[in-house]
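In the two complexes below, chain A is the common chain; its partner is chain B in one and chain C in the other.
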Partner chain A sequence: MSDAALTQALPRPARLALGETATAWLLSAPAIIAYLLMLLLPTLATIALAFTDFELGATGFAWIGLDNFAEMLSDRGFMTSLRNTIIYVGLVTPGSIAGALALALLIEAGTRGRTFFRAVFFLPVVSLTVAMAAAWQYLLHPSIGPLNAMLRVAGLGAPEWLSSSSTVLLSLAAIGIWENLGFNLVLFLAGLTAIPRELYAAAEVDGARHAWQRFRLVTWPMLGPTTLFVLTITMIRAVRVFDTVAVLTQGGPNKASQVLLYTMYEEGFTYFRLGYSAAITLVFLAIVLAMMWLQTKVLDKRVHYG
Partner chain B sequence: MAGIRIQSVTKRFGSTQVLRGVSLDVAAGEFVALVGPSGCGKTTLMRIVAGIEQADGGAIDIGGRDVTRLRPGDRDVAMVFQSYALYPHLTVAENIRVPLALRRLNAWQRLPAIGGLLPGAADANHLMEQDVRRAAEALGLRALLDRRPAQLSGGQRQRVALARAIVRRPKAFLMDEPLSNLDASLRVQTRREIVDIHRQSGAATLYVTHDQSEALTMADRVAVMQGGELLQVATPEAIYADPQDLRVATFIGSPRINTLPAETGADGMVRVAGHPVGLWGARPGPLTLAIRPEDLVPAGTGLPAVAEAVEFLGESLLLHARHEATRTKLVLRLPPEARAELPAPGAAFHLQFDTTRALLFGPEGRRVGVSALSGEAAFV
Partner chain C sequence: MAERATPLYRDTPRLLLLALAGLIMLMPYIWMVAASMKPLDEIFRASLTLLPERFHAIENYGKVFARIPVGLYLWNGLVVCGGILFFQLLFAVPAGYALAKLRFPGKEFVFGAVMLGLLVPPHVQALPLYVAFSQLGLLNSYTALIAPFTISVFAIFLFRQFFKSLPDDLIHAARLDGFSEMAIVWRVVLPNAWPAATAFSIFSVVAHWNDLFWPLIVVNGQDYATPALGVMYFRSAEAGDDFGALMAAAVIMTAPLVIAFLLAQRRFVEGIATTGLKG
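Presenting the complex of A and B:
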């Protein structure tokens, strides 16, 4: 008896379709609005700004085409920061990946304390970099820092880690490795767990007596997708280096630790040259996109054995 | 006669005793199937023979050599895994080549690109190439040598795993349920191929399976394992017709052997629910009477039963019945022509069996002697 009532209450197919479309838009509206306001619009604004001479507080601006990019090529500050960033990425990426892989293998091979070590090495990832940077400043302090105190005891001299232009980039890279290690370690540990145990048994029966042989035959190839992901993530995180530089060196001494994002920040918020700053941001964006392209198009094919 | 010799091997995982002193010999050229339900310890035993697990006690000899303390790579065994365990990043040819390269080349010669230029490497590589080709041809893999495992079907991967095992001519083959991931028709076909490979190699083969039909069709001898111990090791015919333990009788054979609670009276007659069955037991007491489905036939007199259902299998049919007095389910395997005369479901009928093929088991499940229609009683 309720069947008839139900049929009448139901909307006709056309109304149903319209209602469904409207509901779909309504439900996705918050995400769409957030995406437009937080990501797409600012990105488009940055792209537009990069082709102007806009300065914060100026009453107007002019379209200057590619002049900002031309200026970069002759700007000693920018070229130094680009070079420093490349060196920094070149040190942090292999350092934190090799270190994390070695630690992951050690932790995986051990029987006890797995959770403990994972937590210990993951700590830098979840802690505030600015606060940690202050701790590093103390550790590396030329006169009161514990590191130099130890070196003095060993009679090895006392380098000025953060205030000498020959060591400042190395010191920052060391902090960068420490920062990224835990994150990569957790990824590698997950990757190691996913390797089928039977492959190791097969390798042993096939005659892989040494740990190194089993690593080459099983672990390294099977970790391929993980390593590629870790590589991309680490490079992007390293290119983004900013907080340690801002807190510890402000790009000094004598621009020896000037990096891409710090230069962008200085141009934009110290000198208020937002147009130029936006152009640097675009360069940064291009580098990150190029890395992601490299991962998906080139390397991905070599680590998935389809 | 130098094959695999397993001597009172014990193994415990935590508080679970997985192996309780297992001893088993596999002669060179012999094919022994180790069969048992899952969790009975058969895979653990095989992994101990391979050296992947360490035994708590006992010893393993392979090819006349005590290998109990040797690494898997030094034992001269090859193993085929249930999951095949192929190296996904290597081609078929490279997969088959791995056990050769790890043995015949030193660390420098194995280096990619420049390794081949070192002294001795060219000759070794040439020989390995020949061996890989021979193993691949034996398994019909020639056209697939440049493929990766992901591009192969399950049956093809299985062949690659077998080729990788035979390529270095080991003294012993260990196979851990190698057919369980294949579909039914492929499984039957691959059975023969594995037996052929075994015959050609002349190695001792230990083959683990939970599938009794594989064990019966492929093996020279079948070892039935349960609860971490071997119940019986014998030829397939003896395991089927002459099981020494009730657990062996019920595990082997499909459909399962019929079992009826019985009793030997003071007069020596064996009775099922008071009904004499034409057998004499040695001493009074409870027994289990076991009869294969093909040994039971419907008849005008005999054990009373009620028909329940009929299953047609093509070459035979199964009549499911019930022995009311003991509330026991029974299965009869009959020729398909018998269909017309079968009792209808629900109808009462009588059962007879060939008393010479009936098996009697004592209260502990041990086989006890039978004398049929002789009046004599004897223990075996």
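Presenting the complex of A and C:
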């Protein structure tokens, strides 16, 4: 009441020295300039580049329409890279979601060690990826790596992991799961705490005696929106895989670990074929946008329990 | 699900499972630290003992400090992360305030541009920015490392959301007290948005300390190498198969953020998980 009285007593107290419009634009000006220079113009330039044959160091360039995109279709390197990226995303997404959900349920099921285990699983998220990639390289080393040493003790074979084209993508995906799990875990923990306790009591009254029944009847449906959100977030993060590939395999052996961003990097910054690299960037952007579109679609529809 | 404490014996299976999973998660760290203290012949023997027979940590870590300018890399990481965060806040906080609390024609348009910017991953701008920096002779500089990230549409979005929840009376009162709009932004609004600012800062520093993509593009050689690049150089050129020294280098470069994380665990988790959603 007193607030309302105060604002009424004073004729428009928010009178600005400069006028509201001018002030607002002045305050936003640095952000707008940086936005134009560092975000909007470069993005438009990438789109334009994708339709040229521009190469760094060449004297001129020509508009070549969709030729870059046509070249992709017949470029085995690019097609391998696209396929590898899809496989990588297809492995990391379910792996890190299932792992994170299982661990979140385990952590939530009791009171002991919550903060401790959350910290342990979250550690990879804050660790320098390049350094941890080096640690993984040692861990997975075919001859001196501790993992193969353990497998030998157990009498199992010693795979080549990162140095064989049949296991390299699998090894990178395992590292990817390890990297993303903690992040998803924290999101699931937030989703789990939001479930009202009374629902579990109600389910028990209705005869859901086993933990599994309670999970199926209460946790899983209530966690639906979180799971869908985590799903799209993980896909968007996984499709951006670059660091581990750049450090550990450089796309090898024999292109078996080429992924979209690494191919884009190589074409653009190693071979300086900027036009072609920009076209690959647009494919990457299209995939990310499709995932975001899916996210808004799915979340709009499914967030409410209907 | 039980609110009262479960007896320890009933909690044991759960704790054992978690411990096992935790051990697997920590495997790379455990072996990284172990190898960083072993001499090379012990590493090559590939035994499963964690403790070194001959303690070689001083030699391994010494080698890292002797061969690469560790201090310089860490300093570069600090300058780059600090510079990026400084400009991100400098640009995004006033813009977020204008979008949250001021009425002006074109506001919807500006906010639309922010939302549009959220859709574009930073990799998309890399090629033209590289050409521009190369034309300006700015490759291998702090400018090249910092400038592309000075604008964070995500920060604008985050601050706008947070500022919107601050009471208007707070701002009216400051205006009556004769504060300029600039002073209101930095001395009234920002101090009241501390949780958002800390969360964003942690998110930003972690993202850029760990970034490899952009530094790899614009930096060549040691002078402006960030910690991520430093590990990469050490790995490819200097160390080769010297895993003891390589692991020592990895430990040194990972340590600053991991220590910060262990000290302020809750803030990190909140900062990255709540703000990192758009990352």
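By our rule, the second predicted complex is superposed on the first by the 283 of 306 C-alpha atoms of A that agree within 3 Å, B and C clash if a C-alpha of one lies under 4 Å from a C-alpha of the other, contacts with A are read in each partner's own complex, and residues count from 1 in each chain.
In this text, contacts are C-beta pairs under 8 Å (C-beta built on N, C-alpha and C of every residue); 3 or more make two chains touch, one makes a residue touch a chain.
Owing to the predicted nature of the structure, the values given are computational and were not obtained by experimental measurement.
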item: Which of chain B and chain C A:D206 touches, first, second, both or neither; value: first
item: First (chain B), second (chain C), both or neither touched by A:E198; value: first
item: Contacts of A:L217 with chain B and chain C, given as first, second, both or neither; value: first
item: Which partner, chain B or chain C, touches more chain A residues; value: C
item: Contacts of A:A238 with chain B and chain C, given as first, second, both or neither; value: neither
item: Which of chain B and chain C A:L91 touches, first, second, both or neither; value: neither
item: Common interface residues of chain A - those touching chain B in one complex and chain C in the other; value: none
item: Residues of chain A touching chain B in the complex; value: 196, 198-199, 201-209, 213, 217-218, 221-222, 224, 305-306
item: Chain A-facing residues of chain B, complex; value: 47, 50-52, 71-74, 77-79, 81-83, 85, 87-89, 98-99, 102-103, 148-151, 164
item: Chain C - residues contacting chain A, complex; value: 1, 3, 5-6, 8, 11, 14-15, 17-18, 21-22, 25-29, 31-32, 35, 43-48, 87, 90-92, 94-95, 97-99, 102-107, 110, 113, 117, 119-121, 123-132, 134, 147-151, 153, 156, 168-169, 171-172, 175-176, 180-182, 185, 206, 209-210, 212-213, 216-217, 227-229, 231-232, 235, 243, 246-247, 249-251, 253-254, 257-258, 260-262, 265-266, 268-269, 272-273, 276-277, 279
item: Interfacial residue positions of chain A with respect to chain C in the complex; value: 3, 6-7, 10, 13-18, 20-21, 23-25, 27-28, 30-32, 34-35, 38-43, 45-46, 49, 56, 103, 106-107, 109-113, 115, 117-132, 134-136, 138-139, 141, 143-146, 148-150, 153, 178, 181-183, 186-187, 190, 197, 200, 214, 233, 237, 240, 242-243, 246-247, 261, 264-265, 268-269, 274, 277-278, 281, 284-285, 288-289, 292
